[in-house]
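Below you'll find the structures, each written out as structure tokens.
Below are two complexes that have subunit A in common, paired first with subunit B and then with subunit C.
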Partner chain A sequence: MNTIEVRDLRRIYKTTVGVVRRKIKEVVAVDGITFDVNRGELFGLLGPNGAGKTTMIKMLTTLLIPTDGTANILGYDVVHQANAIRSRIGFIFGGERGLYWRLSGIDNLRYFASLYHVDPEVTMKRIPQLLELVGLSDRGDEKVEGYSRGMKQRLHIARTLLHDPEILFLDEPTMGLDPVGGREIRQVIRDLQSEKKTILLTTHYMFEADALCERVAVIDQGRIVALDTPEALKQGVSDLSVIEIEVFGVPEEVMNQIRNLPFVDTVSVEDLDQKQALHVHSAKGSEAIPPLLSALESVRVGKVTVREPTLEDAYVRLVGGKV
Partner chain B sequence: MSKVIANIRLFFQGAVLSYIALFAWLRPSTYIATKVVGPLAQILFFTLMGKFGTSGESADFYIIGNAIQITALSGIYGVTFSLAGDRWNGTLPYLFGTPANRMTMFLGRAVIHIIDGMFGVLIGFTWGVTLLGLDLSNTDPWALILVIAVTTFSTSGLGLMLGSLSLITRNVMFINNTAYFLLLVLSGSNIAIDRLPSALQAISNVLPLTRGIASARAIIDGATFRDVRPAMLEEIGIGIIYIMFGYVLFRWIEVLAKRRGTLEAM
Partner chain C sequence: MKPGMLKAYIHVIKLAFIFTLKQSMTDAFILFGIFVQPLLIAIMALFILGDQGDELVIFIVVGSGLTGLWDSVLFQSGNSITRERWTGTLEVLVAMPTPIAVIVFGKNLAFVTQALGSMIVAYTFASIIFGYPLSIESPMLFILSIVLTVLSFVCLGLVLATLFVLNPDVQRWQNGLEFPVFILAGFLFPIAILPMWTTPLSYILAPYWAAVALHLSSSGKPNILEMGLPWVMMVLLGVLYLFLAFWLFRKMLFKARVDATLSGQ
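The block that comes next holds the complex of A and B.
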């Protein structure tokens, strides 16, 4: 039995449009997704904004009822056996909310321990251990309102471990954190991985998925477009090189011109304050630079580099340039 | 740990921690302004206006009515904030993702507000006795405390129902203010029930506070608890009915949010 079994899962959101003549609009957030996660595995869900990652996590954590399909967690159905699942899983959603800011970190943990029916003696022992694990031992008795974003996120992780769940769902746990905060969270995730917890992680950061996940599913528009190990996904773009060109304001027609060049596979643009970085995927490597520069002759160009593809490049290719 | 003990623990720990975590007035200056100075202003306003502006009732009528009405500050505003606070904090998905018993979680939110509400009424009576000469020499104090406790319980029942409503509306204060001012008019705190039109009297009869205020006036006038016992049993019944309505609404909102995917938008 797999720890997580998802079969043809679908979720459609219905919203109303208009005031007088109301129309129902349907948005397909998850469109027939199937995958399994093995016991003790760290499995990643990657995808652009609106791809359906958070919707998927909500359905698996019993917070959202699927429109169609089935999902089993440790053999329990997420719709009909929700209560049996809740005591066996832990979850966090990215962001600062979800904690009681006027309570101390320790009181937040005490309250959630009682919500999960953790024995008081176990709670007394576990809270200091968890605060130690997430690096909050010396700040646990302070009110959460004084915590940094990273500290709140680490407290979330401690909260989700109170009842020693078998499975953890971490939805963009490093979202909005500075590099140091993000690194601390990743270290905590590695520690949990070494304890053989089954972890389902969603993230925007490819290097994070590359560094942590054993397998990755790339989701786009509610569907899985690839599911494999990070190495295998990178292998899928090993025929390509990535040419990074620093530009200062690139018009859309120039972008289209580059996209239409016969040797260009995909192009993505990364905004960097007052400049942008074009990431051009091409099998021609450095030979592609002269024709690219001539296409960019009307644009101010900075540094140009050629590098080997990463998981991010594999991802960009899979989702067609959407980041 | 047995489920019963776990639920008792959740009930009391949830009661205390949710009060500290979610009660918006829990800063000394705000608390004093709302729970000490505000009630004084209300009692003075209605007592002086009633005494000098109308010729109907004695000052005691208004002092007792408004002192008991103060319980609605905790019962309605306090309890509602304790439920709505989870929406503002973004903690609802995390609560609904736990296996905790929803009834225990729901009822626990009202406990400290009941104690706080009783304390508020005592402050109101203190103002009445010290500043406006309310005479309690003929009063059985334990009977009065019992009446205050029952009335605070039933008003908190209404608060739990309004608190559930606050999970689906953004305008919590509008609901609270409407309920509070309707009680000011219809509960008999400032207008004798028998002076209201019969349709409004029917509404008064299904509200909390109405029987509590009438019973408090009777006790202060020398009646015993035995005399007001039937009214108090009815008051308890009304409180339980509001709690049940509130709980059903709370569960319905949870199910609806999971169906519609609106849990984090609440």
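The block that comes next holds the complex of A and C.
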């Protein structure tokens, strides 16, 4: 038995559209997904906005009923044995909602611990340790409404460890954190990994997935488009190198021209402050630079560099230029 | 239910109760509702009834107190789940192993206790200012009646909370239910003046039996037997509401998991 077993899972949302003629519109958020997560494994779910990651996590944490297919956590069915699952898992849904803003951080934790039936004495011992762990020791007695977004996020992380769960579902745990805060949370996640917790994580930060995850599944439009170790996924694009070109305002025609160059695999644009960075994937390596520059003739160009592909490049190729 | 679970649930109810009160105490708007509003109502009621005899004064005080309790059940307990949905906490609670009904029980207990406490303060204050005697004829029977009233109102609030989440027209329902229950439950005048066909409706409302018990024990010296009927009815209806609420909670939560409505926007 695997810790998490997902078989042909589907989830359709029905929403009504239109005011006068109300029609039911169906959105297929998760479209037949199958995977397993082993005990003690740190597994990543990657994919563009709207790919179905959060929907997946909500089904596994018993908050959404799948439209089709099955999912088991520790052998318990997410639909019919939800209660057995709930006491054994921890979860974070990303963002700052889901806390009592008019209570202090400590009161929030006391309350949630009681809902997990943690003994009150154990709770009082564990709360200071957890606050320490997430770096909120000196703010725990303040009301949550005065917390910054990142502090609320950290409180969620403390909350999810109150009952020492075997399995953790972390939906974008580092979203909106400053770089140092993000690094601290990644360290917490690594520590949990070394305690042999099973962790399912979603993130939009590819370096984070690369640094933490043992395996990742890339999903796009509700389907798995790749499932492997980060190394293997990078191997898949090892034939490519990435040419990064700094540009200052690049018109759409020029972009299309570059896309159509025979040796160009994919192009993505990253918006930086005043400029953009073009990431061009090509098997030709530095030989591709001269023709690229001639295509960019009419554009002001900055630094040009060639580098080895990263997980992000593998990801971009898989989901087709969308970041 | 496993042994030891009861203890855990009682702890949940205790914390839900304390933290709900704590949250209200930091909300100026709620504080106004709790302390100022009942005081105004009390002053008005006592003013209008000035010289009509002590017995009538206590009848009005108890009756208007009940209207305050019913309002708090209808509007605060009734909205307790909906409010958690807006703040995103409902989703978090549902993914935890404690049944939502247990949590909402603790919250509703806080709402009703808060309403009760504020009225006691308000009436005492008003009677001191205006010098009206506020004497309860049978204090022991009255106190026991209050306890049963609070518990049965809390159970009724649980039912309302689920019904209101399932129903998109909540506000209209709440406003529509406010006065009919004042009247059907006989808070301020006896139901004998109502048409016969409404009597069964009164009998299935715990607030009616609460009004009977509280009016009897505050304005007279009933014997235990006379009190027995309303007490037993409050207990029976309370248990009935509780079962109904647990069943409705199961339905409501399953439906919310199907329709993806646990996290309100």
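Note that in this section the second predicted complex is superposed on the first by the 323 of 323 C-alpha atoms of A that agree within 3 Å, B and C clash if a C-alpha of one lies under 4 Å from a C-alpha of the other, contacts with A are read in each partner's own complex, and residues count from 1 in each chain.
One rule holds for everything that comes next: contacts are C-beta pairs under 8 Å (C-beta built on N, C-alpha and C of every residue); 3 or more make two chains touch, one makes a residue touch a chain.
Just so it is clear, the model here is predicted, and its values are computed rather than measured.
On the superposed subunit A, the positions of subunit B and subunit C overlap enough to count as a clash. Of the two partner chains, subunit B and subunit C are each touched by A:91. With both structures placed on the common chain, the touch criterion links A:270 to neither subunit B nor subunit C. Of the two partner chains placed around the shared chain by superposition, neither subunit B nor subunit C is touched by A:68. In the three-chain superposition model, subunit A touches both subunit B and subunit C at residues 13-14, 58, 61-65, 83, 86-87, 91, 93, 95, 97-103, 107, 110-112, 114-117, 120. Every residue of subunit A that touches subunit B in the complex is listed here, in rising order: 11, 13-14, 55, 58, 61-65, 83, 86-87, 91, 93, 95, 97-103, 107, 110-112, 114-117, 119-120, 159. Per the touch definition, subunit C reaches subunit A in the complex via residues 5, 8, 11-12, 15-16, 19, 22-23, 26-27, 87-89, 91-98, 103, 254, 257-260, 262-263.
Residues 13-14, 58, 61-65, 83, 86-87, 89, 91, 93, 95, 97-103, 107, 110-112, 114-117, 120, 143 of subunit A touch subunit C in their complex. Contact residues on subunit B toward subunit A in their complex (touch as defined above): 1, 3, 6, 9-10, 13-14, 17-18, 20-22, 26, 89-91, 93-100, 105, 258-261, 263-264.
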